[in-house]
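Across the two complexes that follow, chain A remains constant while its partner is chain B and subsequently chain C.
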Partner chain A sequence: MLADILQLLVAGLATGAIYALVAIGFTLLWQTSQTINFAQGEFVMLPAFFVLIGMSYFGLSFWPAVALGTVVSIITLGFLFKRLMVDPMIRHGVLPLVIATIGLAILMKEAVREFYGADAQPFPPLAAVTNVSVFGAAIDVQSLVVIAISIAAVVALQLFLNGTRTGRCMQATAQNPTVARLLGIPVERMILYTFLINAALVTLASILITPIYLAKFTNGEWLGLYAFIAAIVGGFNQIRGAIVGGLLLGVIDNFAAAYLSSQYRMALPLLILIVVILFRPQGLLGRVEERTI
Partner chain B sequence: MRGLGFVLALSVPMLLSGAAGAADVKIAYVGEISGSGAVSGGNFRDGAILAVEEINAKGGILKDKIALTNYDTQTNPGVARSQMQKAIDGDPYVLLGPIFSGNVKVTNQLVKDAEIPQFIGGEAAELITMGNPYMFRTSFGQQIGMPKIANYIRDEIKAKTIALIWVNNDFGKGGRDRLMKEMAARNIKIVADVSTESGQADFAADVVKLKSANADAIFVYSNEEECARIMREARKQGLKGPFVGDTTLLSQKTIELAGDAANGVIGHVGLTADAPIPEVADFTAKFQKRFNYKPDHNGIKGYTAVYAVKYVTEKKVGKFDRKAFAKAMHGLTITPKDEPGILIETGWDDVGEIDRISFLAEVVNGQQKIAKTLPKLGK
Partner chain C sequence: MRSGRSVLAAAVLAAVFLLAAPFLFRPYGIFILTMWAVMTIAAIGLNLTLGYAGQISLAQAAFVGIGAYITAWLTTRGWPFWTTYLLAGVVCFAIGWLLGYPALRVQHHYLAFVTLAFNTLLYLVFRNEEWLTGGIYGINNVPRPDVLGWSMSRPREFYYFCLAHLALVSLAAWWLIRSPWGRAFVAVRENPVRALSLGVDTRRYTLMAFALGAGLGGISGALYAPLVQFVDPTPFSLGLSLNLLLMVVVGGSGYFFGPFLGAIVAVLLPEWLRFTQGFYLMGYAVLVIVLMVFCPAGLLGLVDRLLKPAPAKADVAIQREATP
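What follows is the complex of A and B.
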């Protein structure tokens, strides 16, 4: 029994860590530019295909293909997304941009299906498929690697935001862009940085999750939804909220599937969302009307 | 006005030349080209395309070229129904598909009313009992496959307990119910009954449930992608098996997606591209050359279905007559000697159920190895 709980916990934390990375992206974009990106799930789906293209079309080995995929993702999902979609749309308000990102999600999904086919594709794992025994539980190394890399990414992000001048400028931009501009902070550039960071986070999430779930054009559908719920549950205006929301969702989902019902596991996150919105609309760690990153 | 007459005069031959296409024999494929069933539906479609290309290159059926039209159900029963209606409106001679049992069920009445011969890919046991005299299987129904697997579990694995993981759709539910019955008849206890969803990606919790059941064998009954994800998760969690299943668990696509995790899987396969039969090996090589991937059993199903259409039309009916076609199919056996495209001797009974040899196989070093060939039921 203890072994089962431990295994479920680790698997839940690994999945939750990936939700958290994607949810942080939601939070970052919202905080700095009031962008809600409903294509965020497809942003996680796409980098894995960039890597596969690098491997199959350019004959690269895995790690060079990952490097190529990361660069292409940061350019397309960070720079081009901001310049071609967000900048022209955001001046018309949040809602048109939200609708535009929904359209973008459909476009990305269908484009991948057309180009790469509807079948799932295998994706190389980051770590050997083996496990270690902890209190009688066979904990798989892949999950531990996912958790470790996710923690490292979040710590690095926090160090960057709190320990560097650029990071503090980004925080100032998030808190009050007008005052930040008066203080001489290049607000536009700071906003661009958050889009680039978001692109890097979704690329990382993509490389971590695809070996487990396989590369498929539909992967973004539930990933985007879960991460969005995680961000709201944790608190849409706090990075730590996104982390807690992601981990909580991953763990609850796994325990619910094991001990309640596999059939209703998809409904549980939505149920949690409803409860949080009813009783703590700012999220578990969010603050009312506050915007910091 | 004279100008208009001139245009009309010019149009008539053009329309007639367009109508030359209408003399082609139309075959409609209504299958799972996208969505969670894309692996199965795509394979079936490509098998059918290959057969059509070959037959057309040799002059077609009764000297008419085959015009194959594809309709995508998107693995969605609602879409399947509308696509089937669209296909029927096109007045096809024969229908191929759907591949997913649920989609066969929801479109059954439409096909039955239209009285069009249909070669389905679905394997759920009840499909052939729905009273459609125009429906013919391209692979075994579960009522035929499951007893063979049950015997294997009892006699070869000597399991007393089984942990079962299955996909909660018509295919999975039908297989699960049938397996339960067969296990009960052999005094083999089901110690875990784990239902999963079609398209599910995360199987960590489900595999924990299988592990804690501590069964003598684990029976995996799902579609190819999900089978691969289950096997990957099982290996990650150190679940030893033995893993037993039917055709989908040992299919080429499952092996490709699962990688090393598929090694050691054993089970019954109704059709396989690795069958030790020269005609099947030739087909596999042609398919791989044409589509750049190795076919699975669905590719063979699509291919042989089109050749069955050719054989029955030319040799048994002699004209394009749907009613006569369906009548000729019942009780028919086609051998590779009669029609090389049929690959393996295949028979259909009076309700459209199929009979042919099948195989016991194991995945070894990423390859499906045939351990034993099982005879036709009718022999």
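What follows is the complex of A and C.
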């Protein structure tokens, strides 16, 4: 019993850590540029395919393919996404951008299906698929690796945001772009950095999660939903909110699937989302945002 | 005035085409056109909620689903179609009213997520509650109705049946938009605080916008069930809600004829361009993105802009309100 719980907890924390990475990227975009990215799930789906293409078409081995996939992702999902979609649209307000990212999600999904295939593809895991025994529970080594890498990524991001000049400039941009501009901070470049960081985070998430769920063009549908829920439940305007939201969601999801009902595993996160939005719209850890008129 | 006349001419041409269409197409073509009419009704509903009242909803597919399941469940148990049809509309109206309450508390993207969550929850219910919905096996052999003893079971008759519904719904929506209610919807969209200070009960109109949109979704579902004659959960997932949202926005959200045009792009064209396979959807997605970059008011907004070159910014807002 205890062993089962421990197993579920570790597996939940592992998927939760991945949701947290995706949710952090999501909140970063929102903070600096009021971008709601409905294609965030597809952003996680795609880099795995870049890696697979690197391996199958260019004959690269795994790590060079990962490097190639990361570079391609940062260029397309970071730089080009901002320049070609967000920049020209941001003056129209939030809604057109939401619609456009819905369109982008369709485009990415259909492109993968058309050019790569509709079947689920295996993806090489980062660590050997073995279990270690802890207190009688068989813990998947892969889960531990995922948790460790996610923690490292979040710590690195926090160090960057709080410890470097550029990071603090980015925070200033997020909090008040007008004042940041007056202080001589290159606001535009800071916003671009957040897009690049988002692209790096989704690439990392993609490489961590795809070995578990296989590479499939529809992966983005539920990944995006979980990232939204994590971001909103934790608090839309806080990085630590996204972390708490992601971990909470991963654990709840795993326990719900095991003990409640596997058919309704999706229902619990959705109900939590509705309750949080209705009674604490700023999220569990979030600040209250002024309501825009 | 000129543009008013050209709109009228286009509407008459379209009406003539729609009346003659069953004689031009084979049964499958008629089926697709009927589907267009049914989806347009759902999109007109969403256009009331989103286009006129400015409340984003990603739950329209859920209402189409509720309407379809109510109709399928009851008519296969011998209930008369008209009772179930009314019931579908009324039940969806009531649930839509309730779903409107979150809109009083949260706006924009939060509202999008609440409605999205509602849609996905309902999809899970459709899929998992086998005793009620038949689960993934769905409900088979949904009968088509009779009208005054005249059977609507053949494709051509059922097409005219749905077209008549579309015409009635359009007239009702046309009247609604020009009534004080429609004006109040636009006021709630453009400036809720001002509307409130002018004595518009924004609370009631927000709820009403949701309820009316949902009710039309239910009616659309009540026609969907006898059209396809089979109801299963798959069509009512989030995908259809997103698709209906894109229909409204691509056609021109807040334009009366927006949903008609949007449904052509989303329902008819994919069938006629079937040889392009997955490329159609990609092209559609690119169209959505490009439209949002250059003309968020949609295709009709683009037409508007081309007919009246470079109006001042303030005029656009006024015209949008005035243009039905």
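To be clear about the criterion, the second predicted complex is superposed on the first by the 289 of 293 C-alpha atoms of A that agree within 3 Å, B and C clash if a C-alpha of one lies under 4 Å from a C-alpha of the other, contacts with A are read in each partner's own complex, and residues count from 1 in each chain.
FYI, contacts are C-beta pairs under 8 Å (C-beta built on N, C-alpha and C of every residue); 3 or more make two chains touch, one makes a residue touch a chain.
Given the structure is predicted, the values throughout are model-derived calculations rather than measurements.
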Inset, instruction - Could you tell me if A:Gly117 is touching chain B, chain C, both of them or neither one (first, second, both, neither)? - result: first
Inset, instruction - Return first, second, both or neither, reflecting whether A:His92 touches chain B, chain C, both chains, or no partner chain. - result: second
Inset, instruction - Identify the partner contact of A:Leu273: answer first if only chain B is touched, second if only chain C is, both if each is, neither if none is. - result: second
Legend entry - Touched partner set for A:Gln263, first chain B, second chain C, both or neither: both
Inset, instruction - Using the superposition described at the top, list the residues of chain A that contact chain B and also contact chain C. - result: 113, 263, 266
Legend entry - Complex interface listing, chain B residues touching chain A: 33-36, 38-39, 42, 168, 194-197, 199, 201-202, 204-206, 208-209, 211-212, 225, 228-229, 232-233, 235-238, 253, 256-257, 259-261
Legend entry - Of all residues in chain A, those that touch chain B in their complex: 4, 7-8, 11-12, 15, 113, 117-122, 129, 131, 138, 140, 142-143, 212-214, 216, 218-219, 222, 253-258, 262-263, 265-266
Inset, instruction - Could you pull out which chain A residues touch chain C in their complex? - result: 36, 85, 88-89, 92, 94-100, 102-104, 106-107, 110-111, 113-114, 221, 225, 228-229, 232, 263-264, 266-267, 270-271, 273-274, 277-278, 281, 291-293
Inset, instruction - Sort out for me which residues of chain C touch chain A in the complex. - result: 56, 102, 105-110, 112-114, 116-118, 120-121, 124, 127-128, 191-193, 238, 242, 245-246, 249, 277-279, 281-282, 284-289, 292-294, 296
